[in-house]
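For reference, chains read A, B, C and D in written order, and residue numbers begin at 1 within each chain.
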Amino acid sequence: MSNLFNWNPDRSKYPLMKEDGSLDVDLSSQKFTKLWVGPNHPGVTGNMAVEITVSGDEIVHAKTHVGYLHRGFEKLIERRLFIQGFPTCIRMCVAEPDYNEYLLSKSIEDLSGIEIPEMAEWLRTLVLEMARLQSLLRTVPGQGGTFSLGLGVQWGMYLRDLILDRFEELTGGRIYHMYILPGGVRGLLPDGFKERLEENLQLIDEFIIKIKKLMFDNAVFKKRAIGVGVIKKEWVDQFGIVGPNARSVGISRDIRKDYSYLKYQELDFEPPTATDGDIFARSTVRYRELIQTVDLIRQIMAKMPEKGDIKSPTPNVLHWKIPKGETYTRSESSRGEYGMYYVTDGSDKPRRINLRGPSYNHAMTLLEHMLVNANISDVHAIMVSLQTCPPEIER
Amino acid sequence: MTNDKLNKNQIEDVSKFFAPENKKKNVETPDGQIIEVNPLSDYFSEARPKVHEPNSSKVVETFLNWARAESLWVLGFGTGCGSIEIPPLLTPRFDAFRFGVQMRPTPRQSNVIIISGYLAVKTLKRVIRSYEQMQNPKYVLALGSCTINGGMYFDSYNTINRLDKYIPVDVYVAGCMPRPEALLAGFMKLKELIKAGKAENANKYVENFDEYKANQKKIIKDWNMPDYNW
Amino acid sequence: MKNLIERLHIKYSLTDIVNQRDNFVYLTIRKENAIDLVTYLKDYEGFSHFVLLSCVDWIEDGKFQLSYFLNQPNKKFDIAIRTMIDRENAEMQSSHHLWKHIETYQRELREMYGINFPKNPRIEENFILEGWDEIPPMRREFDTKRYSEKTFFPREGRKTYDPATYMKDKLYPNAPITAKVNKKDE
Amino acid sequence: MEIDFNKILFAIIGLIIVLNWGLLMSSIMRKIGARVAGRHGIPWFQPWVDLVKNYAIRSQITHGVMFYLGPVFRLSGGVGLFLFMPMIFGSDLWINFSFKGDIILILYFQFFGMLGMALGAGEGGQPHSFIGISRGLSQFTAIEVPMTLAVISLAVQYQTLSISDIVEAQQGGFMNWTIITNPFASIAAMLSLLGAFGHSPFNLVKAPNEIPIGPPTEYHGTYLGVLRTNAAILHVVEAVLFMNLFFGGAGSWLELIVKSFLIYFWSVFVGMVFPRFRIEQSVVWFLKVPLILGIIAIILL
């Protein structure tokens, strides 16, 4: 009886590839349809496109197209002074720009040997965690949004706006902050900031309970998410999977834990993991990460000193020359390992920077691989569950 | 304006960029005849667009303009980093639905296209296609400094500097990035323009069609589509 | 890990070793041995996570520097392998068979620097740029500002200032232009 | 045959009332949805403005003759459904062209618009359209089965094929309503109603972020205006059909408005808190739960 309703026949013959890797699909045979998901499509994450070939509802081949957001940042920063790189650099990933500022400052500090004061480290940790919080408030309910559960998105976006308000109070900017600078940060917390942030965190606590009832206890959501878009454990190294996507198959990789930076070794946390590797596992990992981030922000606010020095002295930024060298710095963004390769040549401009975004692997090779055999309805859900962010692919 | 055919040589020049299914080919019909198929001219119209004059009756036109202003359907196409401020616009804090702003997923049904920030050349091609598929009257709302003069990407090799050289722009919203309030103010300004009957840029695009096309073709090197995407 | 580096040094005759941090080493190696070393590290030393493949343009020396970043997740150790290749007819042995995502990195380098990786599938496909007919844009000799001014209709009225002279004239007309470190509270 | 001009006049007036009530109802529903999400929501007159705006689009393109006829078929399906539906029980004027055996015709008209739309949208050439069409037709077939079973069950119960007679049999207090006297058939039909209205979890025909709005992707301007006009009429008339069959009909326009609102609200309420099924999950669901209920309803009689 159960086989009667099993509508997923054996599709092991896909992908229809020839020996040299080219596609063995004859579009004129009328058995296949070519579909473009994006760039002008309400479902895709950002401005990217997936070209899929479908047979019925099954995808036989997928190809990611990027480059719609290419601005040539790496080229632009090569012709700017170190300090001029900051306004340019933060626009590389719009979802959580603070990681870009942190990496750029950290690279410059690494190469020129500047130590930053303790208070600045605490403030940087706080800002990075707040950035993660606002990003998770968008993506955790966003997974429900891919299954047309728009209610959670509406609630989440409201709370995200509150966190952005706190950012505005602290830094003056709503999306782009430019708060972290080489040598430290730009300012102390305003009066009453902690209380106001705590009020918002309490609202988020309520939201965490509500979103569990709405999404994770929902029968239809489970039906759509469990067993769909599975990442296998052996893929993690093969495809360079990092962050929550790797943690959802039980491989605990977290830069905050493994290569502890800033003040993370003084905080008490354990990166959440799951075992199944499907969409449901990834969204539960993100959900537990949301709970953990709220907890981390509370810990930071409790342990942080009230006042202190926030900026180490730096040379005049307009005539700053850094000796020849290169460095690779990394941090854990909400999508995974976020690194920057920074090369200087002794002049007043960097020779080369290269951003290593997690989506570079997730959205290209991994997505192309995962979409084969998937149902056409799940394209968007898989894309969101990998949390792809096109600007960091093409920069 | 006449429906004169476009110069076919222009299309054939760039045929190396075509996808295999769009290239000229010979096809055998079921009864054994061999016919030549040129998908670009067979499946797509090559006619030029026409100017659509407003209704001759002033009263009717005023009423219709009011309806157009109160029902702005926005194409859901996030072209740049400004698109991160579109979701807040539709959620409790800002709630643009109050002003009749709604998102539509397809260009056919939309009236407004928001160019949310910088435009890479590759995206510009898609934007032109989307813009041309929208129906008259249509409005363009350009978001961010990068659409005005290139903003902070003034020296980038892959982003355009001035949007109004490629498609006519109704309202600019300055800032990098503009806050959702500024975007709402932009919508209000657009409404004013529509109600005053000044937002006739769809016709302006048709009147200066050749000039716009020349500018577009200057930077889009692989022009593998019809000149006007019906 | 010192042990490992010494073994590698003997086996592959590294030309340069730089310790950046205690868990991060840069190794410089000749072009012919680079992929061998990467393969060895992956297969025998547990460097299973490939982080980044990047390129630096040293136009003065006429060289491209390719950097392969490998990570050993268990011992939390990183090795960056640097190798120099010629700028003229730049070509490098492809390593797409080791990790799937190297294919993408190599496609990007092909487009942005014009480095060829023979045998990499889809190497000729457009990755980011579309219909690009200039020299590859990330090469140092490509002047992006001139290209932009030539192509994209710069809007008149934009005034650009050299920040140093502008700040001197407008804000601190009396201050001398010298780089100096502001020592605090001394 | 004698033409009854009075009846035609009242049918036209009824159509106008139904159209406006349908638009108002959709506006109220969207407002309720917005309030649940914490938003203010659209102005109440937004559906009318949208309609006027759509008819006022200056340029329109076509993809062929069927592309024109698709919305026309859809509208005639909706209007046809209205014309044979008795609106107010006990009134001579508001029963339109209802006749003995009209329930068979109404089941046919439910499907008619769908087929016309399929032909029209198919000619549009947009791949998302025909994916939406194939989803829509397969889901609608799955919906029709429990719906037909429920109707057959009713026909056996009341020994009639006329909607007016079914309504008449339910008069005299809510204990006589079909929902009390034949709960299995009613529940089966109410569940299939969820699919007919196309709110989530069964909105995979239009599936906003999978296949952007499905069949009407290519429709714009006047075409879309016609489709939206039809949607407003169809929603009310389908709610009225269910009201007539299971909730004792309406004695006045006020009763009709209240009851049809509640029936429509049922589907919106479910849609608010459930994500969307995939097409095969949806078909299987319809062939499991409502079908079994419908069979039970037949067996019990």
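Here is the rule we go by: contacts are C-beta pairs under 8 Å (C-beta built on N, C-alpha and C of every residue); 3 or more make two chains touch, one makes a residue touch a chain.
All figures in this text were calculated on a predicted structure; none of them were measured in a lab.
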{"item": "Given chain A and chain C, the chains that contact each of them", "value": "B"}
{"item": "Longest centre-to-centre distance from chain A, chain (CA-based)", "value": "D"}
{"item": "Between chain C and chain B, distance of the C-alpha-averaged centres to the nearest whole Å", "value": "38"}
{"item": "Whole-Å gap separating chain C and chain D, where each centre is the average of the chain's CA atoms", "value": "61"}
{"item": "Chain centre separation (chain A, chain B; CA means) in Å", "value": "31"}
{"item": "Numbers and ranges of chain C residues touching at least 2 other chains", "value": "128-130, 137, 142, 144-145"}
{"item": "Multi-chain contact sites of chain A, meaning residues that touch two or more partners", "value": "34, 41-42, 67, 70, 72, 75-76, 79, 154, 158"}
{"item": "Overlap residues in chain D, where contacts from two or more other chains coincide", "value": "37-39, 208-209, 212"}
{"item": "Chain pairs that touch, as defined at the top of this document", "value": "A-B, A-C, A-D, B-C, B-D"}
{"item": "Residue ranges of chain C touching chain B (in the complex, touch as defined)", "value": "128-134, 137, 142, 144-145, 147-148, 151-155, 157-158"}
{"item": "Contact set on chain C toward chain A in their complex", "value": "20, 23-24, 26, 48-52, 54-57, 67, 69, 73, 76, 78, 80, 99-101, 103-105, 121-122, 126-130, 137-138, 140, 142, 144-145, 163-164, 167, 177-184"}
{"item": "Contact set on chain B toward chain A in their complex", "value": "21, 75-81, 83-85, 87-88, 91-93, 103, 105, 107, 118, 120, 122-123, 126, 130, 152-153, 155-159, 176-177, 179"}
{"item": "In the complex, chain A residues that touch chain D", "value": "5, 7-8, 33-35, 41-43, 57, 144-151, 154-155, 158, 214, 218, 220-221, 223-224, 375-380"}
{"item": "Chain B partner contacts - residues on chain D that touch it in the complex", "value": "34, 37-43, 46, 49-50, 52-53, 56-61, 208-209, 212-213, 216-221, 224"}
